[in-house]
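Naming follows writing order (A, B, C and D), and every chain is counted from residue 1.
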Amino acid sequence: MTAENVLPVGVLLSSLVPALIIFLLPEQRHGTRTALNLFAAVTKLVLTAVIGWGVVHHRRYETRVRFLPGADLVLHADPFSLLFVTLSAVLWLATTIYAVGYLEGSPQRSRFFGFFSLCVASTMGIALAGNLLTFFIFYEMLTLSTYPLVVHRGTPESLHAGDVYLAYTMTGAALLFAGTASLYALAGSVEFVAGGSVGPLVAGHRGALMLIFFALVAGLGVKAALFPLHGWLPLAMVAPAPVSALLHAVAVVKAGAFGITRVVYDVYGVRVAEELGVMRPLAFVAAATVVFGSVMALAQRDLKRRLAYSTVSQVSLIVLGVAIVGTVSTIGGVVHLVHQGLMKITLFFAAGNLAEKLHVTRVDQMRGVGRRMPLTMLAFTIGALGMIGVPPIAGFVTKWYLGIGAIEAGASWAIAILAASTALNAAYFLPLLRDAWFEPAETQGGILAEEATLSLVLPTVFTATLSIAAGALAASGVSPLAWAKLIATREYQP
Amino acid sequence: MPPWLAYAASGVSLFAVGMSALVLHGEVMRKILAANVSASGVFLVLVALARRAPKGPPDPVPHALVLTGIVVSVSATALALALVRQLRHGAQLGPSDERRR
Amino acid sequence: MIPPIDLLLATALPLIAWRVLATDELPTSVVLFIAFGLLSALAWARLDAPDVALVEAAVGTGLTGALLMSSLRSMERPRPPSPWRARAIALVAAAIAVALASVVALLPRGALGLGPAVLARSEESGVAQPVTAVLMNFRGHDTHLEMLVLLAASIGVLSIQHGTASHGVDTAPTSSVVMMLVELIVPALVVLAGYLVWRGSRAPGGAFQAGAILAGGAVLLLLTRRMAPLSLERQMVRMFLFAGPVLFFLVAAVPLGFGGDMLEYPRGWGGSLILGLESALTLSIATILTMFFPQGAPAPRRRG
Amino acid sequence: MRGVPWLELTILAPLCGALLGLVLQRAVAVLALVSSLSTAVASAGVAVLVARHGTIRRSVGAWELPLGIQLRADGLAALVLVAFAVVGVFITAYAMVHFEPGSRAARSFFPLWLFAWTGLDALLLSSDVFNLYVTLELTTLTSVGLVATGGDPAALSSALRYLLFAMAGSLLYLLGVALLYGAHGVLDLDLLGAVVTRGPVTWGALALITCGLALKAPLFPLHGWLPAAYASAPVPVSALLSGVVGKCSLYVLVRIWLGVFGVPLGRAPAVLIGVLGAAGVLWASIVACRQQRLKLLVAYSSIAQLGTIFLVFPLMGRAAFAGGAYLVISHACAAAAMFIAAGTIEQVVGHDEIDRLDGLAHRLPLTFVAFALAGVSAMGMPPSGGFVAKWLLVRTAFELHEWWWAAVILIGGLLSAAYVFRVLRGAFVPAPITETIRRSRASDLLALGLALLALALGLAPDLPLALAAQGAPS
């Protein structure tokens, strides 16, 4: 038992144990619960930092447990998993602080925070999974532990949203199960290794491998909200704002996109996938989703629904980057995993603040809110501009790399897609910003007078700052971009 | 045709008659009767099988099996009849018996 | 060449069975069933299975018939099944019967089964009578479990008809003649039962026949109110009920204590142990079989 | 000098408890608990023996084959024995909570349950086709008696219906045994397996025995008796029927197929059984989704799970075999937990109508947690024993390139998710009264324990699977 094979489990336990304790805590022990959550989040960050340092210095972190014949449970830390772990850990901290403030005085908080930590634990498992079976197990744990959060309010709408969520994700689970099991039946065991491991099988089982690929991607595409599997996401916005943050940024859709990336690069290997001819369809689906999501977003009057559809579109940028074969586009896709998370969580926090404080839920109610909640709206603006791709915010870096990558890979049609998405993003965000800042408010109020409480504003501003930093300091050695480069080169080295 | 075979054939036809009645009839009492009939059919087959050697003592093992079988079927019958009586005592038979099989 | 009597029996049995099940009047079919039982007992006797025939006559026919009788008075109106359905099922049944018969015809002729093996070892088993040897020794495990089936069934019956002990058979009008008969018959039955147990080790006969006959006597007493209904509240009943199973349990368990097998009889003790066991079983079986009957109203005065 | 006779003890321990319980009726519950625990110990002993030395054979009455009867414990038997013993202890404990001490129901429940357990262990360890018949009868008749302890007309008539089906089944089985003995003059499974050859007689015996056991198991479409019997019986009875006793006919069928018929007769009949099993999975799951009463829902889900286990026949092979065994034991825990939870709900609110349970979870949190955790296993979602079983079965199906079995299992899983969440979603409806009801938590804790067992089976499948592999077909 060395540090190398304890630490990955540590990262997992740092939110699993709190989850279990929180379930056992009586409802009234709010202080204890918050303290525990924050302590856990910080612990996780520290552990992540340690592992990150180790990975940079070429340490191998792996925990392996015998599970089933020909299928161990494996947790291991490679740069890609670390990218996801870091993202989730950071955003978990922010979201926890936000949720504490947001749920002030609401019932069933113990249940909420328990399942929240459980979700994060599952996400850690997804990020650190070392083979497909382990990934699947945590992926389904995530499915189950998210449901109580989606239906948290217990209203008929949220129950309906929960049913739809289950219908989609359970079907996705079945597809993923089928794909995973058949791949194990074919390959014996499916470890995640850079460059993939199924190459030798292509000769004999071309058709089977293609089918399995589509089964896996379809299964994962449900959470990644790929068109036409996105139906559950816009409905799920009836859940409290922290849950939206979890769904859109911390865990769920990210898990889907992360999984697709894993399948493409570390199960099939980009070259094998290309040779099977499955990358092009994937790219097209992603492209279609980018445009579709944006158009739908444009049509929404409800703020959170608009944000939800914008996620549908933005997450597909990740998949698009992954599906366009080439180092640079890969960098763009992988780094957007982080960038989209930072910007979208900012937007949802801000939207939550508006709803909490000013009961603004529709886009036509936003006139003048900039003056009434300047900090919130500043954050919102940063997120929105980032989504559009305005430098120096993170989103710009993404689109830049995606564009270069597309050209480099000779997929010039992708440029058109990027342009379209940028235009559409602008079309559904800029009017909001104009209303918010330059239109007079219905009711006048002093600067900061109506700003939300600190525990709501702080995370909002924090994530906004991060989205700027990620863009502005992209060139530095610790930026998400740097990690993305490390990952991409690792995937493409022969 | 040796006698044992005649009896064995008779046994299987008893079994078939009983079974068909068990499926066919709605009345519980008749079902119980039918079960007993086909039981004695099975036993007859066993007893016949014990007597396949033309001379010498018959094979005792099937006889023992039949003795055990008889006791088991009596127990089952007694249980079934107790249920019937109790149901009747509770005036009406439950719906799942009214339903015709 | 097959003797006509056998041919007659073999053909008659299914026909009677069919009548049993086709008759509209339940009481008639029960009576027919008893007749059927006696005939099949005769068939078994023709197949050199007198002991089994005896049990069939006593338990399979006598007791079962009496039980059926005691449970008549059905409140269900007979529902004649739809004719086409009846025909279809009859057709299927006939097909199955033919198929099974032809399968049976394929069985090896003149096979001895385990007969020789049993005869070879029956000396060691401690009982000369092969069937008893198989039942009580070679396949004692079956008999042990079967005893438990009987016991469990009786517990089931008791728990089912609790609180309704009063209802049940309408006890017969007990004329002095009947009384006299009963007083003559019952002791005779007891003697006969004892005799059967005793000779079970040598010739056909044994616990089940004896138990059934005793039970018959007990039922007579019940019907004529000479005996109080059996219930677990009564010390005597419990003793009778558990004597067999408990002794059987000990016979099964004790050898394990000495590194032997379950149900392994100590060398040379087989005969006497089995005799003791059979007598205990006889009591228990008689009690249980009696308990299978609706117990009738508690008797004014206790006897037996 | 051989060591402790664990095999025999697993049969004698519950029997001793039953007999003592009948004699000393006041102490019946305590005696039941003691003998349950000692049975569990003996079963563990068997498991250790088998894990150490592989398949164990013990002759009864010191008579060698083919004259005598032998007890045999291989990996499958040992695994199921232990799992059933553990669940059995839980059920005994729950019954002590459920029946008021000294009540008439208690006095007939405990002895009958222990007799059933005796028959069950004798059945699991039996390797003789006729002895299997007797043990089957012992478990069946005791089960009928147990269902009838409900006392009300519904319970009585469903018990009667159950009994009639069972009588038919055992007669079919017995005639099959007669054919086997008539053809080969032996009754021991292994001796039969050695001599059985392809031919009309074997086909006849196979048909009779399989039909008989399919009636008792039950295999679709012969399940008519089950739902009413499970739903109208007292809760401890439903739990032990669906969790433990309900599996024994299926077990015998597997035994006989593995031991006797599997090899000579090829796959055709196995595929037929598989098709019926699949039909059962889909049909029962759909019906379960449309139930109004919780206990009926659980009963139908038990039929669906049984159907899934029947898929072992077409998939027959070590992995699928292990999967089936694993499904048996994890469903034993899950089903018992679900029934106990359902019983608690019925006890507290006086009904078990699913649509009227909204918000009840705030008053019975533990009950719903137990139901949810058991539900995870029933859905075959990770981490749970149900998932491990599903994984083994589905993977084997793909290895055999027979994806349709996998499809059936996965669709069954989806439908089970549908009916499990139909119960759970109501738990999130805010309730007017949020204080939990003051009552004994024992039943909740027992249900929770069973559910956690089902989950634990999904965390460490290594050991049980290794045990099941002892003497399993390769």
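Everything that follows uses one rule, which is that a residue touches a chain if its C-beta (ideal position, glycine included) is under 8 Å from a C-beta of that chain, and two chains touch if they have at least 3 such contacts.
This one's a predicted model, so the numbers in the text were calculated from it and none came from an experiment.
Greatest Cα centroid separation from chain B: this falls to A.
Here the CA centre of chain B is 13 Å from the CA centre of chain C. Centre to centre, using the average C-alpha position, chain B and chain D are separated by 27 Å. Chain centres here are Cα means. That of chain A falls 43 Å from that of chain D.
Note: centroid distance chain C to chain D, computed from Cα atoms, is 31 Å.
For chain B, residues touching at least two other chains, in rising order: 12, 15, 18-19, 28, 32, 45, 49, 61-62, 65, 68, 72-73, 75-76, 79, 83-84, 86, 93. Chain contacts: chain C has residues 100, 104, 107-108, 111-114, 118, 139, 142, 146, 149, 152-153, 156, 160 touching two or more partner chains.
Not a single residue in chain A touches at least two other chains.
Two chains count as a pair here when they touch; such pairs are A-D, B-C, B-D, C-D.
By the touch rule above, chain B contacts chain C in their complex via residues 1-10, 12-21, 23-30, 32-34, 36-37, 40-41, 43-45, 47-54, 56-68, 70-79, 81-86, 88-89, 93, 100.
The part of chain D that touches chain C in the complex is made up of residues 1-2, 5, 8-9, 11-12, 15-16, 19, 22-23, 25, 58-63, 66-69, 71, 104-105, 108, 111-112, 115-116, 118-119, 122, 130-131, 134-135, 137-138, 141-142, 144-145, 148-149, 156, 175, 179, 181-183, 185-186, 199-201, 204. Across the complex, chain A meets chain D through its residues 66-69, 71, 107, 133, 136-137, 140-141, 143-144, 147-148, 151-152, 154, 158-159, 162-163, 166, 170-171, 173-174, 177-178, 181-182, 184-186.
Those residues of chain D whose C-beta lies close enough to touch chain B in the complex are 130, 133-134, 137, 141, 144-145, 148, 152-154, 156-161, 163-164, 166-168, 170-172, 174-175, 177-178, 181-182, 224, 228.
Listing the residues of chain C that touch chain B in their complex gives 2-3, 6-7, 9-11, 13-14, 17-18, 20-21, 26, 29-30, 33, 36-37, 40, 43-44, 46-49, 51-52, 55-56, 59-60, 63-64, 67-68, 70-76, 78-79, 81, 85-86, 89-90, 92-94, 96-97, 100-101, 104-105, 107-115, 118-119, 130-131, 133-135, 139, 142-143, 146, 149-150, 152-154, 156-157, 160-161, 164, 167-168, 208, 289, 292, 294.
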